[in-house]
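By written order: A, B, C and D. Residues from 1 in each chain.
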Amino acid sequence: MIDRRFRLGMVGGGQGAFFGAVHRRVAVMTQRFELVAGALSGDPARALASAAELHLSPERAYADFSAMAAAEAAREDGIDLVAIVTPNHLHAPACRAFLAAGISVMCDKPLTVTLDEALAVEQAAKASNALFGVTYTNAGFDMVREARAIVQSGELGTIRVVRVQFPQEWLATAAEAEGNKQAEWRTDPKRSGAGSLGDIGTHAFHLAEFVSGLRCASVSAEVDSFVAGRQVDDNVSVQLRFENGARGSLWASQIAIGQTNGLRIEVYGDKASLGWGVEEANILQFCPLGGQRVVIDRASHGTLFKGHMPPGHAQGFVEALSQLYDDMAGQLEARLSGVPAAPNALLLPGIEDGVRGMRFIDAALRSGARDGGWAAL
Amino acid sequence: MIDRRFRLGMVGGGQGAFFGAVHRRVAVMTQRFELVAGALSGDPARALASAAELHLSPERAYADFSAMAAAEAAREDGIDLVAIVTPNHLHAPACRAFLAAGISVMCDKPLTVTLDEALAVEQAAKASNALFGVTYTNAGFDMVREARAIVQSGELGTIRVVRVQFPQEWLATAAEAEGNKQAEWRTDPKRSGAGSLGDIGTHAFHLAEFVSGLRCASVSAEVDSFVAGRQVDDNVSVQLRFENGARGSLWASQIAIGQTNGLRIEVYGDKASLGWGVEEANILQFCPLGGQRVVIDRASHGTLFKGHMPPGHAQGFVEALSQLYDDMAGQLEARLSGVPAAPNALLLPGIEDGVRGMRFIDAALRSGARDGGWAAL
Amino acid sequence: MIDRRFRLGMVGGGQGAFFGAVHRRVAVMTQRFELVAGALSGDPARALASAAELHLSPERAYADFSAMAAAEAAREDGIDLVAIVTPNHLHAPACRAFLAAGISVMCDKPLTVTLDEALAVEQAAKASNALFGVTYTNAGFDMVREARAIVQSGELGTIRVVRVQFPQEWLATAAEAEGNKQAEWRTDPKRSGAGSLGDIGTHAFHLAEFVSGLRCASVSAEVDSFVAGRQVDDNVSVQLRFENGARGSLWASQIAIGQTNGLRIEVYGDKASLGWGVEEANILQFCPLGGQRVVIDRASHGTLFKGHMPPGHAQGFVEALSQLYDDMAGQLEARLSGVPAAPNALLLPGIEDGVRGMRFIDAALRSGARDGGWAAL
Amino acid sequence: MIDRRFRLGMVGGGQGAFFGAVHRRVAVMTQRFELVAGALSGDPARALASAAELHLSPERAYADFSAMAAAEAAREDGIDLVAIVTPNHLHAPACRAFLAAGISVMCDKPLTVTLDEALAVEQAAKASNALFGVTYTNAGFDMVREARAIVQSGELGTIRVVRVQFPQEWLATAAEAEGNKQAEWRTDPKRSGAGSLGDIGTHAFHLAEFVSGLRCASVSAEVDSFVAGRQVDDNVSVQLRFENGARGSLWASQIAIGQTNGLRIEVYGDKASLGWGVEEANILQFCPLGGQRVVIDRASHGTLFKGHMPPGHAQGFVEALSQLYDDMAGQLEARLSGVPAAPNALLLPGIEDGVRGMRFIDAALRSGARDGGWAAL
């Protein structure tokens, strides 16, 4: 094992930001990273004040991510990884700045605002030898990885139907007009791109492909906005066709009153089915043909996947996100040490997954604009 | 109250038939009907043997439903109601025979095999002064009626999204090729019409309109058959547009391994949402805007609807079906007595509901044939 | 099969009574009984009016159960069975009157008000050749019978722990002082005997012995009454010791706010466990050693027990009660025909089960009076 | 805020130990502690090797906790807090060593092996001005704190009944004889004290008092051991009497096949009830009188308690434990800064809670030895 902690930088996540603090918490929780540098805000004064609060050395408190990329790349003890946790419209330029400087990137989802931006980031990533991760958090849950492993083992047979949904309530009213900062940028097309499609639809889409191992070929989408004055979609219902002929559906809604965070996937094969939902993240439903329904937790199916904690000691959101930083640490170490990373570390969603999400948004919007006509990804 | 039991006849439901016996059980359970006549099988010998087992008078054991309609109409003590529980292809001719004879009809769903047949039955019903009921069983559950009453009370505000699904496992393999009689006729297009669309899709569709009070204007459907050799659809995913602008989706599948009878509806308004599923038929989820989630049973919301039993004494399938016979008894009595029926009795699905179901099947098949292009109902 | 319906009489269940109407409904639902006689109320005028409403022949509308027993026993077409659905204090004299007349009895639970009365009824039953059933309704659920069959099959191994509970909310306040008729007699020690112990504790106790197949040897009980002015227990927590050394606990409460009808049993063996609750009456949880948890419905374990309906068509309360009348019909027919009854019919709780319930109440009250000292049954 | 991280030491948790690693992870996750010293194993070589793996300075890698207490107390930069994560029998001597040295302690539960030891630790804690925390992990869950706040707000009225259970499967067989290290020491009375009573019963007992705000006055216990050869209890059922007259029950079992980690509490008042279980840790059931049942998550009742994460982003086990370290950091900072700690930080279970747990074990064992006679705490 490498005899030091990896050095982490952060873009975004200054005072008042929410998810940046969570990313710092989960990164240190792995005991493999220490935060040493940041361009924590686009506002230079706030960037400096935020850095001071986090005990960053003043010389590594940057007012600007481009300056940060350049300076860190030039240091002997420059950062190994940058976490990009800004609103979406800054993802692409920030990613490109660090990739160009040869610094590995962990970027929040959706990857960018437009598919074109995403393709440019992909090109930059391919041209760089830096590593790239996208924080589709749900891919970090033990039972999601177990679900994927079960599918890969063939226990479901040929997959016929994939159903995934992600309903939430929090934008059922015009929260963006009532001073909710999160709502403001997430419903501003310039900063967010799409609405529910990008914010939660990409989570659902990634989960569908990650668990099923299938690739979606085309979509037919109903893209709607129910709240008066809203500039982005807030309820999207999508038919999916997969390359192997499987059918699917995806529902993403931020106006679903009563739904807190109802991400759920069901995969039906010709031999068995499985189901998982983030609100019961520590169990899987597994049903072989013939009527039996089995609840799998880490106690009962442990041959497929070993998690960190004994069954009954539930994983929560921060552990799932932390798993992605663990995976990145594993990949960073593999590159430094020359010893291949553990297979688990390779489950970290990468640049291709980020681009797939943007292809999904793009195709869904195109389909929606053509009254649900099929659009290829 | 009318001082006698209503006289019930039955078409179908002879020896070996399953649902006919259930209909007899639920009809007598109301204590308002007695079975006195039947054309219980298309095979005359079996019709007579079946009638003898049920202690029917031999003169009222008919080998043929047309003969039965004529003879019963001519009797002083002729039947008040006929229950039609044959495979689907016999619904239309049987309905028309009894309607022509002025005898009220309780017909199983889907109403007919084709929309044209359904329209002909509708015309016959309008031309007759007989009553007409369709046994969409789920409309008999107390909590489904409560859900409808909640929507009508305005507690949900304007409805935005309706989601309904009815997944089952039982046709995940080619059961029709393995001697399963139920599977045989239900997958034979001549006897059933559509597959999962007719068998369970119509239940889901009726539930969506019954609870929401909305009318579906058009559909975009994926209509698939996954089991080799199957001649009808076994998995259907439909986008719904309602006349008020609400959006919806409907999934009917008979290949969903692990799903026993997963009928479930969710209705999202701009003030609240509600959810109900037949596998937890005695409760409703009700969620007002703001994050609270409430479980309603008959204890907590009793002002809206009074059921037969105290909360905690669960209603099952037979009681739901029995409610429909109770409703029909209420309507028959109202006509005989001239006293208006209780409002509850009018919730019995009628000929229009039967026709709506056939319009739904027809539109979904048309849409499916055009790669999901929208089809009006 | 006997070529007629069995003739049923009823004691109690007149106008305004609740459960008598349910018993009539479930009896006719079996299609094996017809109601022909009744002493429906202790008030002669009300008894006659109630009988008229039910179309009973006036000569078989009795004002008094003793007269009814004598008259029916003397008739050629006298009743085959009497259902006793009065408040508890009338159970013993009514049972004895019909048993003495040689007429079979279906009696509501608890069997009597005191253990002494119960023993006298037992003696009368043994001296008579009439049949005797006790309507512990839960014994009529398919999945309760399945649970019993699973235990008997040995799949659980040696049973170590049995836990059963039956919490309700409905007496959390002094409902008996606010005009609730059900609450009045059920909290009046002269008419009911014990409170929650008799009303619901006996259900829980019967379920524990019925499913586990074990016999309870002794109990240690906390017997409390929380509502001011209440004359009977409303919350009882009991430790159970079974003859085989297994341990158990039983909780019966009618002050458990939020609990509608929370009857639930869990049985833990050294090889597996099972769990069942009446609010999810159509499934069993079954857990073999090793961490797997399986949901059993009638689809998945059908070799052990065949119910009436396909899986997913839920049984409710009235079907469970109706099963007990079916069982009684099976026993009556076996006696008339000389052909042994189907094994299922013998699962009808009988006089011994009625007496066991009274032994449980008696022992719990004795233990409670001695600060929880152990009391033998 | 204090301008540095607190310095943390650890006793136990060396190579191969499980929970020590979890404690390190949750402590750093708070971003308020850094690990700087340890006596990680009783085996000096293993202690040193473990320390090296964790990058501890060699001079602060101690072979012995007494030496560590002395040396750290003498350093300018000595530890602020020691976490004691050894088997139970070492808790008392380790606690006393650090308390005597004036160093604050975070000790795993149960506090000690015997009540006498616990009282000695309590005396030492009172004589010291060091802080003391006990890691009853469940007290760290947001919704447990919310439950406590709801009770304190009076929404439940007078509490009548408290029911708590903690069933597990993992010792259903003689795991201690099959090489399971965790099972070995936990079933060895010299190292663990009691069996299920100490390992999980104390968790349940603390939860009961923490949420209800009541104090248990006396217990009547069935204390059993079902696995052949086992030297400690593995199934315990306890009746509880609280000082205010409320009744309760507690079940702790490690032979409950099918139960992973079934800790659950229900509190019934005369105005409302609430329920919480660790396997659904992010919701509360709340039921006001009158039949309504409400699911509370952090979205719906946020006035009472603000957690770290938005609703739907579930807290898991490590976050609950981490909350306790956050609380301790808050208390440490308050003492250093003179600014009172936030109320939340005072919810950290302290020495009194540790002693209460030992009083519970002691009373339950005394009662069990006297056939369930009541024993005062």
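Odds and ends about this structure:
Assume contacts are C-beta pairs under 8 Å (C-beta built on N, C-alpha and C of every residue); 3 or more make two chains touch, one makes a residue touch a chain.
All values derive from a computational prediction rather than experimental measurement.
Chain pair with the larger contact count among A-C and A-D is A-D, by C-beta pairs in contact. Relative to the C-alpha centre of subunit D, the farthest chain centre belongs to B. Rounded to a whole number, the gap between the C-alpha centres of subunit A and subunit C is 56 angstrom. Averaged Cα coordinates give subunit A a centre that lies 34 Å from the centre of subunit D. Under the contact definition stated at the top, the residues of subunit A that touch 2 or more other chains are 169, 260, 291, 293, 297, 299, 311. Of all residues in subunit D, only 290-297, 299-301, 311 touch subunit B in the complex they form. Residue ranges of subunit D in contact with subunit C, taken from their complex: 160-161, 163, 169, 172-173, 220, 222, 224, 226, 235, 237, 239, 247, 249, 251, 253, 255-260, 268-273, 275, 285, 287-289, 291, 293, 371-372, 374. Interface of subunit B with subunit C (complex): residues 3, 22, 24-26, 28-29, 31, 55, 168-169, 260-262, 278-282, 297, 299, 309, 311-319.
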